[in-house]
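Same chain, two partners: subunit A is paired with subunit B first, then with subunit C.
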Partner chain A sequence: MSILEYNGGVVLAMAGKKCVAIASDKRFGSNYLTISMNFPKLYQATDKTFIGFSGLATDVQTLIEKFRFHINMYRMNEERDIEPNTLAHLVSSTLYERRFAPYFVEPIVAGLDKNNDPFICGMDLIGCTTMNYDFSATGTGEDQLYGICEPLWQPNLEPEELFEAISQAIMSATNRDCMSGWGAVVNNTRESDHAYAEDPHGLIGLLLVRQINAVRIETLHLYAKLLTDQSLADVSIRNIMTVAVRHREVFYDVVSSCGM
Partner chain B sequence: MSDRYSFSLTTFSPSGKLVQIEYALKAVAQGVTSIGIKATNGVVIATEKKSASSLIDDSSLEKVAVVCPNIGMVYSGMGPDFRVLTTKARKAAQKYKRIYNEYPPTGILVKEVASVMQEFTQSGGVRPFGVSLLICGYDEKGPGLYQVDPSGSYWAWKASAIGKNMVNAKTFLEKRYNDDMELEDAVHTAIITLKEGFEGEMNEHSIEIGVIGGGNFGFGPGKEEPVFKKLTPEEIKDYLANIV
Partner chain C sequence: MVSRVNVPKGGFNFDNYQRNLILQQNGYSMPKATKTGTTITGMKFKNGVILGADTRATGEALVQDKNCPKIHRMAPNIFCCGAGTAADADKVTDMVASQLELHRLATGRESRVTTVLATLSQYLFRYQGHVAAALVLGGVDVDGPQLFSVAPHGSTDKLPYLSQGSGSLSAIAVFEERWRENMERDEAIELVKDSIKAGIFNDMGSGFNIDLVVIEKGRADFYRNIETPCPTIEKIGNYKFQPGTTAVLSESFRNFVTITEGDAMDIS
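What follows is the complex of A and B.
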């Protein structure tokens, strides 16, 4: 097994219409042993950009600190936030500096540029950049991710649709990869709000509920109906997800009342 | 009294000065005049190209230097010191590009050059640079003109002059400058300011002018990114023809 696969984990990023989303799983393991189920691999660099690192966990942590240093120095020197394409090159040069003793990570940079157009860039461990216009995936479940992204992604997805697509993709792919999973963290940013909407427990709760027990879906349906005041037939999984995101506090109640 | 402290750069005099820097500024004041003017849509820098003899092939002499596509600089003072600083500035710009894949904004490059000049005021066995620089650039913040002194201090200017005739030239500029000036007017103003203190005949071969911006250059949709370029002798001749 390669050292890049030792701790396990995946990162996925997708581009939509004036919005971008990046997601990672939450598993941290030591070969077959799972040590933590709450180890997200995303770092918010600026209001509008994120970096996700898959690979060896110690390098993930160290590089998050290293890039925090670089990004803060940049912000103080240039009196502005770093753009996503500039950040991608910074990450690439930092990795290439260690060409013959590399950091064992494969990062993805995702963000909105100054015109709020989405930018995604995946990299290998020595800094080779690939700027995809649609989606980018790295980690132990990379193959599975590319497989599920291809049919799920369409051009010009709205923020809510993008959120659903990326969530479905990462949950399905991590289910087929033993080295990653235990939920996902999705950070997305859109033109209208430059703060990310983190939904760690809402999403994991919802999708775990779907897998574990169909009955609990009924409870969610009822809840959604109450919150959105729609007739039961109209309430779809997508509405539930949107509702769950917006009403995380309420959703926690539902989850706890389901006895999870 | 200050003689005792004038030989060592790294020793303060009792009056709180670094005398070597004062002397460096005197060297600058003996150099030919250089002008810089910032317009709403660009910046112009200009200098006299005085050759000691008519036998000198002045096409090989470069006083206005390109640092990177969006930044240029000119000097007053010692030519060889300027060459060293140009090389350092160009290297700093390329180093930035290797990391970030874009050229540095003007302010960032100016800080780099200024910190190099400051190093030479606080190290052993070196002397300060005998030049003042006028660095001009156009980045996303807009056009910028900066002066850097031998001490390493720098300021942003709307319009400035350095060198032999700087006092008169700055007075002249204070009268002539207005905030709404466009690049064409700025070039014109720079030439007549130079002419004020010019010794000898001013023609297209005895002055050097560099511009960035103007026209349809800028940042935003439908605009080209501004590029620093030196005016050719023909273009300078056209401007000179417009001056009575």
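What follows is the complex of A and C.
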């Protein structure tokens, strides 16, 4: 067995229209024994960027701390958050530094860049970057993931459609892989200033004066089995209503703090 | 209390070496890195040099990247194709390109192909082939058009036409048949494209699109995906799932709003 398969786990990232989603399974094992069913492998690097790590869990945890340090130092020095492209190169260099004694991880960097366009970059354990425009998968179920993503992905997926595509892909693939599974965590990051259009209080006029760039991150925990319950069709509508309400709350906070 | 942060000095770090050795001795096999598979070629023509490459990157039998850029820009007048372990080829070309830029700033002169050749071959020899990068290097400088190849152990070849990678045998066969001295630009481009196509169709490690760069005195034209001999077939069916198909255990939302007044800081 390869050392990358010891703890098990998969990470998948997909790009849509002004949105990106990254998902990981939740299994943490020791060879064939499952120790935990709640071990997602995603790390939120900045507001708009995630890194997902598959491979040896100890190296995953070490690298999360290492990158937390680098990202915070970057923010202090540059007074802005690190762009996903820059972060991908930082991760790649950190891994290549250990070229002859590598960390046993295969990370994926996924996020929205400064124009809220999706960015995905997968890497092997020594930092070879593959900047795919569609999707990227790593982990024990990598072959299965690539297989299911090829037909399910299409260009310009809306955030809701992207969520469905990535969830079905990861659930199907982990069902065919012994070393990963027990559910999935999906982080769906999207630009969402169009949600303000439903504001009935007429404050929409103020929005035009300022450039507002809103990014919404949803963390969704999924069942281990595929379910197609009709009543769950209401879920997405609920999402949108909840989000619209929250957007208003945020907007009011911002407006009041600006002294309007 | 502030403690000093150790800034890495550059170069390779062997901290994990002992741990990895113990893991290997306990029966865990070492993972394989992404290789480029690859067909990369180069040839001299009447006014310069043309380099060509396919775009497939493989991890054992799985295709990791369908459109991987293998032609790296070392200087405005010098380009380098990389085969072998993908990370090694990428990092060694980036490193030498950075050194070359600093050298240009220090000397105020256009870079020379022989500079790149010496740097690459000495670096690769120093690592005795463990940095597994096979490179085809071409450019036009004060000494005219030059074409070289560098093997992973550091040996170099100077030839009028070259190929490297797993598809090199197929590609060199095309050159052996049709290469002549002082070919015209368009004919030469077709020849390089055909050599890469030979690799794409006959070698399992090479595939997808063809990248090309034509370097002449004072100009370099880089054609990304100049030809796609293996186009993706349009999907007829629609595989979109209805929103709400997937059952969700729990959800949480976070909003991040940034307000920009006036000119935003230039972060390009």
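In the analysis below, the second predicted complex is superposed on the first by the 192 of 260 C-alpha atoms of A that agree within 3 Å, B and C clash if a C-alpha of one lies under 4 Å from a C-alpha of the other, contacts with A are read in each partner's own complex, and residues count from 1 in each chain.
Throughout what follows, a contact is a pair of C-beta atoms (placed from the backbone, for glycine too) under 8 Å apart; a residue touches a chain by one contact, two chains touch by 3 or more.
This one's a predicted model, so the numbers in the text were calculated from it and none came from an experiment.
Asker: Does subunit B (first) or subunit C (second) touch A:Glu161, or do both, or does neither?
Answerer: Once the two structures are laid over each other on A, A:Glu161 reaches subunit C alone.
Asker: More residues of subunit A are touched by which partner: subunit B or subunit C?
Answerer: Between subunit B and subunit C, C touches the greater number of residues in subunit A.
Asker: If you stack the two complexes on chain A, which partner ends up touching A:Leu90: first (subunit B), second (subunit C), both, or neither?
Answerer: first
Asker: With the two structures laid over each other on chain A, which partner does A:Leu125 touch: subunit B (first), subunit C (second), both, or neither?
Answerer: A:Leu125 contacts subunit C only, not subunit B.
Asker: Does subunit B (first) or subunit C (second) touch A:Tyr103, or do both, or does neither?
Answerer: second
Asker: Of the residues on subunit A, which ones does subunit B touch that subunit C also touches?
Answerer: none
Asker: In their shared complex, at which residues does subunit B touch subunit A?
Answerer: 98-102, 105, 107-108, 111
Asker: Flag every residue of subunit A that touches subunit C in the complex, lowest number first.
Answerer: Contacts found on subunit A: 1-4, 6, 47-48, 80, 83, 92, 95-104, 114, 122, 124-130, 132, 142-143, 146, 151-152, 154, 157, 160-161, 163-165, 167-168, 171, 183, 192, 210-223, 226-229, 232-236, 239, 242-243, 246-247, 250-251, 254, 258.
Asker: Within their complex, state which residues of subunit C touch subunit A.
Answerer: Touching subunit A: residues 8, 12-17, 19-20, 23, 27-31, 33-34, 57, 59, 62-66, 68, 85-88, 90-91, 130-131, 235, 239-261, 264-265, 267 of subunit C.
Asker: Please output the residues of subunit A touching subunit B within their complex, sorted ascending.
Answerer: Interface residues on the subunit A side: 77-78, 85-86, 89-90, 93.
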